[in-house]
Every structure is written in structure tokens, then in C-alpha cells.
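Two complexes are shown next, each including chain A; its partner changes from chain B in the first to chain C in the second.
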Partner chain A sequence: MAAADSPSAALRRRDLCSRGIRLAGKMRADVVDLLDAYVERQGLDASASVAAVEGVPPAAVERWDEQTGTQRLLENLAAYRAFRALLAQMLEEQREQLGDADAALGRALAAVLLQVSAFAYHLEELLRLESRGIPGEEGAGPPPPPRLSLFEQKLRGLGVLRELAQWAVRSARDLRQLAKPSPAAGSAPGLAESP
Partner chain B sequence: DSHVQYERVGADVTMKCGSMDWDAAVTWTANGTDIDESHLNGSYLILKNVGLSQSGQYSCYEGSSWHLKYQTYLRVGTPPKEPVLMCRSNNYPKGFYCSWHLPTPTYIPNSFNISVIHGTKDMVCERDAVPKNRCHIRYLQLFSTVKYKVTLTVTNALGKNFTTLTFDEFAIVKPDPPESVVAKPVPNNPRRLEVSWQNPSSWPDPESFPLKFFLRYRPLILDQWQHVELSDGTSHTITDAYAGKEYIIQVAAKDNDIGTWSDWSVAVHATPWTEEPKHLTTEAQITETTSASTSSFMAPPTTKICDKGAVVGSGAVAVCWTAGLVVAAYSVLFI
Partner chain C sequence: QNLKCVTHNLHKMICTWDVSSRGRHGQTDFCYTTNDLPPPVCFKTKETRVEIPVPESSSTVTITRINTSGTAFATKEFEIHKKDISFVPVTPHILSLTPDFSTSTLNLKWSDNGSIFPYGLDALWQIQILRKEAMEEVTQVTYYSKLTHEDVILSWNWTSDMPLECTSHYVKIRCYINATQFVGLKDWSDWSPVGVVPGKDTEPSGSGVFPLDTVVAVGSDVTFCCVHEEDQRVTNMTYGSKSYAMIPLSSRSHAIRVLNASASDTSGTNVVCTLENWMDGTVVFVGYAPDAPQNLSCETSNFLILRCTWKPGRPSGLYGKRRTKYSLFERLSGKNVSCEVSEMNRDHVCSFPVLPDQKTYDFILGVSNPIGQAESSLLVDITQRVHPKTPEKLTVSWNNSTSVQLRWFINGSFAEIRLLCQIEVSSGHSEKKLHNVSMPGGKFSTYTAQLNALHTYTKYQFRVRCSAADHFWRWSDWSRVVEQTTSEAS
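After this line comes the complex of A and B, so read on.
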């Protein structure tokens, strides 16, 4: 763990956290804009309740303040990897449904997908810095979901974007927790293991 | 026997004298004062179209013996209207509180019951001792997209009513205003004011949940505010104050990512540093008063109108270009 405790590692961690916080903030702003556009283009009701969507990692968490730094990083990484796959699927569906008819929506989706990928990579960097093994992505992934109707696809897309917006807020908070100096000298800031 | 009787404003009320027959001779009193027989129908007391002022203790006495036969406390009031409910988180991420009131009084006792549901989960909103019309709830989950549904029911002896609020976790986040706002002049700087403040003490973790701030300021003599949004830090230097003018300054706060702006802080007043001391000579005071009254929307003459970079020429004929313009303008007037 010596590498994780060195002054240069601490600086690098702080730098990664600061950049990650900014990235999460930009991502959230873009997701909120995308949500508005998506609701309008897909003819949905913005206040529609969407039941928990299978495969979408919920941002909701209990005892958030008690999580260790490693837990935060691992949960965030798992979430953004899932969103990467979900957004890619949405992009594919959107192209099938609308083709070039709504290039703007497609571009906005692609831009958010890029940010999600970048953020996932950022989280991997933070985990590497802590000499933590980066969990491999599940090989072939989960089996493809059953073919949904067009309306179900649209509702699922709404659920994905809403949950992603929540995650972007949570991630900024998680990174701020990580960036906090540790109370105990010599221990990795914000990354103390729970016993 | 004695009991409480609730009646609506405007109702017609008939009171029986306990078990006395209709034709029994009785005397009714209201708060100890005899009631005229014109209000009686036999031994029944008839009160038509009761008003709030008719609330009180009504007693019925047997005619000759003056034995108390019946007593009731009449309380005239109204059923409750739809209550006004507000929920807010000023201590995010710890929890939120809800408070309520009735838009119009009922004049009789009311009881309130509040229920909070998050998805399918019932949550307990703990009543505050003070104020009585408030309860608070701790978040069990954070970052949830599932909405909270709060239902407040108000009941009294004449009826009931309710209202429901539905909101998500982020929407109700509204910090308290910043505290300890201080504004000070900056020595030797007639256009600056240094403003500092503190995070509201109710905000539990400003490090993980930083606040951003909105500062507004104006001279007392003007109505229009200047605004500055600050994404970090709890201080700011105003650099465009009008010299010698008293300013009013306020600050508001908002979570960096979610929710709405707080109310404005308590206003503070400050006047920028001025060169002349307060004990001016009479001539100097007249000069300053004249200058100030003719240039209320321009930088007053006590302010330097020449920055070093605006000087043209050198030596004895060095002239500030703005002073040159003023001189030229006056020259044109008097030609």
C-alpha cells in the first residue's frame, strides 16, 4: 500500500477526484438536457413514473455515508459499465427506429455515451492508483433482454437516463468523499477498509 | 351533566335542558348571564344562525329550585379547509422536515396526522415539540428516483380535510441562508467592499455537499441590484462600488448540484473607504455636496477618474484623457 500513501499518489488521487467531479458535473448537465430532448422527441410524459428497469443500476443507496472508498469506486465502476452498454443499446434502437430522422438526438446520446465511457475509465484509474484489482467486465454479458415493444423501449430509455442523472450526482458526492483527507496519518484518504 | 358541544358557524342550535320535559319551567344562562325567554321554545334553548361570539358556557336551571340541570360548553367553529403543507430539506443529506398550517382558523381544536410513503415503504415523520406543526424525517436512502408522498389530514369535530405533496429527494433541497454576513470597507480603496459569510450551521457537511452562493448588492439610493454568483469560497470583494455611498448587501446559498436557492440572508450595510475624514471643513462639505448632487449616476468626483494608464502626455502637461474630455465639453458650452 506504500504507493497509495506516497505524496505523489495523494496528489494524483486529488487531481483525479477533482477532474472526476468536474466530469460528473458536465455529464449530469448533459444528461438532464438529453432527458428533456428525449421526452419531447419520444412523445413521453415527463412526469411518467417508470418502474425499476431490469439491468439499470439504481443510484439509491442506504447508509451512503458509511461506505468505504473502495466500495464507492467499485459500485460506481459497475454502474457506469452498465450504463455504457445500456446507452449503446439505446443508440442502436434509436437508429433503427428513426434512422437519420433525428440525428440531433442520436448525437446527444452518443456524446453522453462517450462521457460515460470516459468516466468509467477515470474510475479505473482511481482503482489502479489504490493498487486495487480492477474487476473484469463480465465476458459475454447478461443474456439479451426480451425484445420490447417500441413504447416499452422508450420507457426503458427514460428510466435509463433518469437513473444516470442520479448517478452523476452521486458520483460527484462519492468523489468528494474520496478526496477528503484521512483523519489517520498514513492511511489512504477516504479509502479506509472496513474491518 | 356537563360536556362540550361543537357547532358550525351559521347553524341553528337547539339545546335541551337535560332530561327536563319540554314544558318544564327553566332558566338558561350564557356565561352566567340570564338568557331572554324569547330564545326559548318551552324548556329548549334555540340559538339561530350561531356566530363565534356565542361560544361559551350554557347552563340550564330548574325554575324555582335553581338546581343546575344541564351544562354545556358551546364552541362555534368551522370544519377545516384544505391545509397548506410544505416539505423542505435544509440539512441534506440527513433528512427533511414538513410543516403545515390552516389557511383560515377553525376556532375549535384540530388534530393533524401526517403520513410519508417512499415507494411502498411507510416512513415515520417524528413530530417536533416546537413548533407543533412540524415533523422531521431521516433519509434512509440517498439518490433515489422514487418519489416521496406526504399526506396531511386535519380533523376536528365538524369535519376533516387533507392535502398531498409528491416530490423527489432533490427537489426539496433548500439550504438556510448564509450566516454571519460581514461587509467591510477596504482601506485606501474607495470602490471596494470586502464581503464574507459562513455556511448555514444547519448544513451538516459542506465539504462533501458544497454550497454555491449568490451575492446581491446595491447602493441605498438605487433600486437596481447587482448580482454575482460564486461557485466556491465564502468571501468576495466588490470592486465597483460607488465611492462614499452606503451599500446594502445580501447573500443566498444553494447546493452545488441540486435543489433551490435559499432565502436571502439578513442584509448588511457598509460604505466604502473614503479619503477625507468625516470631520470636513464647511467649504469642503459644500463642494462635496454640490458634486454629489450633480453626478448621481456617474462616479462621484471624490473617486479617481484617472487611472495611471489613462494619462496622456508627460511632465507638466500630462493630462488624463477623461479630464480632457470634461474640460473640452465645458469649453464648448461657454464658447
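After this line comes the complex of A and C, so read on.
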């Protein structure tokens, strides 16, 4: 059970949550746009089914309601760190394969990577607010990707962006959940206590 | 009956004959004489074949059958003339059959067994390529060689029209030796044992779409194949957005044939194999070989760096690590420089260091991409390709009311040449005047010039540009304008 919040901490958390929700919304919109461009520029079939991408925790979660606030934040942080590494890998592959031939797609990819990094930092802020230790990054990220063929790289990219779009939705829901004031004594829930 | 003699090496021949069922269990007395070997040579054998020398012209052979109790019961004499002997070369053997998957090329090596034959005979080799589970013949090629009385390893390459991974490829070879001196019947050897390059469809985890991430020229006909598990069924194979009729290669491999491939997008063209519960694919990049660079030109602005420019010709349509790459090789010094050129950039430029004590440069601009290569060359005398930088820090100072001294600086080392500088003087409405002055070049120097016969109390605008004096190539850009008013007459 976390100690009851001081009013300023609760205010700070609500502020961080609402800013996080806006960031997640913007990120989702940009990821959806990027997804459309990616499918078109990579010559893929938008309806192609793609296997789960290794190293990315799926956005869908069972018993979402029962998760504590800390669990939500830690899962979100793990996911966005993984996305950060995967998007950086995609950007590197894009440069290697295409040089500056498709600069627009490269820029869009870099912009989303920036947002993912910012969102990860935002989550760390929330965890720090709750004087929660920030899990270290060493070895936390996805395993180094196996040597993929170009087509596999394209499909993986599709899978990453699709999953990221799902995560953006989930993150907004998680943050809304965190932002809710606690039913008892009007104080906002300590992270451990939420839902 | 039916005595037949066959030689494999023109020296020895193997004679065989038939024996009636009655005399099968005894043995044979075999005697032969050749016209250059008077006394007959005889020996006993249980076989119905013997190896004896090839006669110069003919041989007399006497075959006597002896029954188990040792008494002769049948004898027959044969006259073997050289023309009755068949010459069938020794069956060749494949020494190595090496696949190069990246180029879908098979390299075949075999020995010509030339040491057993006289020098200089012409040999024909028939090479047969077969494919698929049913070992269908793909092609048969005749290869010519000349025997040198030594065993020579012959080598031959064949490029398949489909990736070697798609299905197993088989090779066999036979030979025919045109022994013109030999009057008997000449025939092809037997086929060699088959050499095989197994396809991925024979490997447990060989699934995939091939060729993997390859580059081909626009207009190529390309075969793609989908290797899958035995129990999987291919429902569709697409090239880009178009479905193609599938060609079964084996129970685990299906192919499509794309004709006259058109240029692909920047990210390549996807070739997708859709199976019942799986999808696999590859990417092919279809582009152009580089054109030979046009209008190759090199100049120096400071005698430190040579700056070469050219027109690239048709874009290759290949990007990133497959892009067209340029390198500048200078023959006299042997120095080679790779050029950083972006395919999206319109102007193509490469810098080469000016080398101490070298005036003439024999350049080869090499250009290559995965589809092809080309080059252009240029022989240039650096002193005849001087394009100075813009003169800087122009200052104008009065000597007197009708004469000025101009000073300017040029970034560069021109000690090896004379400079020609042009001073443009304009004032008010009068016509612009150009004054040419020539001076020895200097090393990162300031240059001066004097103009006389100006009007007093007049506002003038001055600017200057320079070039090489002896071998004009190009003017520098104009310096910035400096405005100055002459003083009143004293």
C-alpha cells in the first residue's frame, strides 16, 4: 500500500497522466499515418497477417481491470523501450536499404521514434513520482534481431507498427485509469492500489 | 559367335563373344596374331572377353572351346579388321559440381583423360542438365576441347534460369573423340554418373522464397520459387500486386515465371507466396546498369583539390546499399578515391587531392552497381583547369585624386601559374569599363592592382574576378562590389 499522496503529488500525477494521454493520442494518429505510408511504400498488402513480433509484449492483456497502477506503468515502460529499440532498428535498416531514396518515410519513422522515446521518458517520470525504482535498461530490451530477409524485415516492420498503434490505445486507457481519483477519502489512488 | 571388339583408348581393345549354351561350362583357349606379330599369343580364360592390343591393320583371332574334361570341342577363327573395331572413349567422370547460389551458376569440372590419347585430337563433350524430381532435361550443350596427351581438368559454367535453391539440378557428361586416324566406328562414350546439386526442397528446413533479396536488370525474365513443407499447399504466388500461374517443380516447390520485369519501387518488388496458414516472400530490386558517365570534367580552385563533375545518365533505380557507386582512379599515381554520391542528388561531384609534383592526371571514373559497371576517362593538365575561388576582402585605396590601388585575397595556392584578373569599374551612368591585369600567382596571397586616369570627385563601384592567365579555363565569380568616391582635385 503506498502512503497517501500529498495534494501536490496527486496534482502532478494527474497532470502527467493527462499529458501522457494526449501524447499517446498524438502518437497513435501518427503511427496510423505511418502505417498507411509504410504499407504503401513497402508494397505490402494491408491485410497481410503478420506473426507476433519477437521482443514486443502484446498490447492485449487479460484481466486488464485487475492490474495495479505500477503494473500498468511497468508494462507500458517495457513495451515502449522495446518499441524504441525496434523502431531504431527499422530506421537503420531503412537507411541501409534505401539510403535517402525514401526520405519522407524515414522522417516519419524518426518522428514516431522520437515520440516513443518521449513517452517512455514520461512513464519513467510517473514511476519516479511514485518513488518507484525505474527498471534498468540493460538486457531489458528485445533480443538482438536474427538476420532477417528483406521481406521478413518488411513484415516485422508492419507488425511493430500495428502493435505500437494498439499500445497507444492501451496506454491512453491505462493512464486514464491512473488519473482516476480514488473512491476513498477523495485522494487519488496510490499506484499500488489502483484500479 | 558375334565377336565384337571395342577400344576405349586406341591402344587396347576389349573383345567379347557369345558362347552357345552347350559349351558354357568349359574354358577357352584364346589365340590372336596381328600382322606385325608373327607367332600367335595364346592364353586360357573362363571369361568371354579379353583385352588385347589394337592391331595396326588386322588381327586373326582363334577361339577354341575346351570342355571340362580338357578336350577341344569347338574352334572358330575370326579376322578382325581395324574398321570392325569400335572406338568408345572411356566414360568421363565429374570431378566437381559446384553451385554459386548468388548467381544461380553451376561450375562443372572434369578430366579429359587426354594422357591416354595421342596429342591434338579433337574432343566433343555433351553436357546435359536435368532438373526437378522427374529429372527433366533442361538443356544439352556441346563443349569442344583439344586433347594434349596430358590429363587436363576442363571447367564449364552454366547459369540456370531459376535459382538453384528451387529444386535439385543434375548434370551428366559424355564424350566423343574425333580420332581421324582411326578407321573403325567411332561412338559417344557412356554418360558419366550424375552430379547433383540438391535443391532446398530436399532439405528439412529449406522453406523460403527464392532468389532471396536479389537485384536484376529491367527487362529480365526471372523465375521465383516457393519452397514449402510437404504438407503445405501454395494457394497463390504474386509478383508485386499481380498473381502468376504456378509451375510445380516438386512436391515441395512451386515457381512462377516473370517476363520482362519492370523497374521496381525504391523498396523493391515483393514476391509473396501465400500458403494455407502461412505467408513467405522475398524482395527483388529491378533496376538499370549504370550508364557511362557523360561530360566528365575536373578542375581545381586552389591547387589543393581537384573537383570532378559528370552527368550520371539514366538513374539506376537502385538505392541504399545497392546504389550506383563511383570511384576515381588516377593511373599515373595509382591512387584511387571512392566518391560519396547520393542517388537523390542531382549533381555528381568527386574530389581528388592534388598530388605534389604532378601536373597531368589520367583519370578513370569507374561506376558500378549490382547490375553492371561502366567507366569514363579523362586526361587533364591541372594548370589548364584552374577555376579560382571568388576574390575576397577587396579594398580600394586612393593613391591620388585620379588613381586607386585595389587589393584582394584569393584562397588557394597559385604559385605554379600566372593569374589574369579583370577589374570592372563603373560609375553613375557611364559605361562599365573592364581592366585586365596579369600577375604571378601566389600561395594564399593578397594581390594588388593600380587603376589610373579616373575622374576626380566621382563615385565608383569596383569588383574583380580572376582566372589562369596562360591557359584560360573559367573565370572565378565576381568579388563583392566596393564603392569609393575619388577625392577632389588637389
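As a working rule, the second predicted complex is superposed on the first by the 178 of 195 C-alpha atoms of A that agree within 3 Å, B and C clash if a C-alpha of one lies under 4 Å from a C-alpha of the other, contacts with A are read in each partner's own complex, and residues count from 1 in each chain.
Just so we're on the same page, contacts are C-beta pairs under 8 Å (C-beta built on N, C-alpha and C of every residue); 3 or more make two chains touch, one makes a residue touch a chain.
As the structure is a computational prediction, the values presented were derived from the model and not from experiment.
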For the three-chain model obtained by superposing on chain A, do chain B and chain C clash or fit? fit
Tell me the contact category for A:A48 with respect to chain B and chain C: first, second, both or neither. second
Looking at A:E163 after the superposition, I want to know if it touches chain B, chain C, both of them or none. Which is it: first, second, both, neither? first
Give one of first, second, both or neither to describe whether A:A59 is in contact with chain B, with chain C, with both, or with none. first
Could you look at A:F119 and tell me whether it touches chain B, chain C, both or neither (first, second, both, neither)? neither
So in the superposed three-chain picture, is A:F151 touching just chain B, just chain C, both, or none of them (first/second/both/neither)? second
In the superposed arrangement, which partner chain does A:Q97 touch: chain B (first), chain C (second), both, or neither? second
Taking the superposition as given, does A:G25 touch the first partner, chain B, the second, chain C, both, or neither? first
For chain B relative to chain C post-fit, closest CA-CA distance rounded to the angstrom comes to 12
Same chain A residues contacting chain B and chain C, which ones? 49
Enumerate the contact residues on chain A facing chain C in the complex. 41-45, 48-49, 95-103, 149-151, 154-155
Touch list for chain B against partner chain A, complex: 93, 140-147, 170, 207-210, 256-258
So in the complex, which bits of chain A are touching chain B? 25, 28, 49, 58-62, 64-65, 162-163, 166-167, 169-170, 172-173, 176-177, 180
Quick check on the complex: what are the chain C residues that touch chain A? 208-209, 212-213, 240-241, 265-272, 279-283, 319-321, 323, 342-344
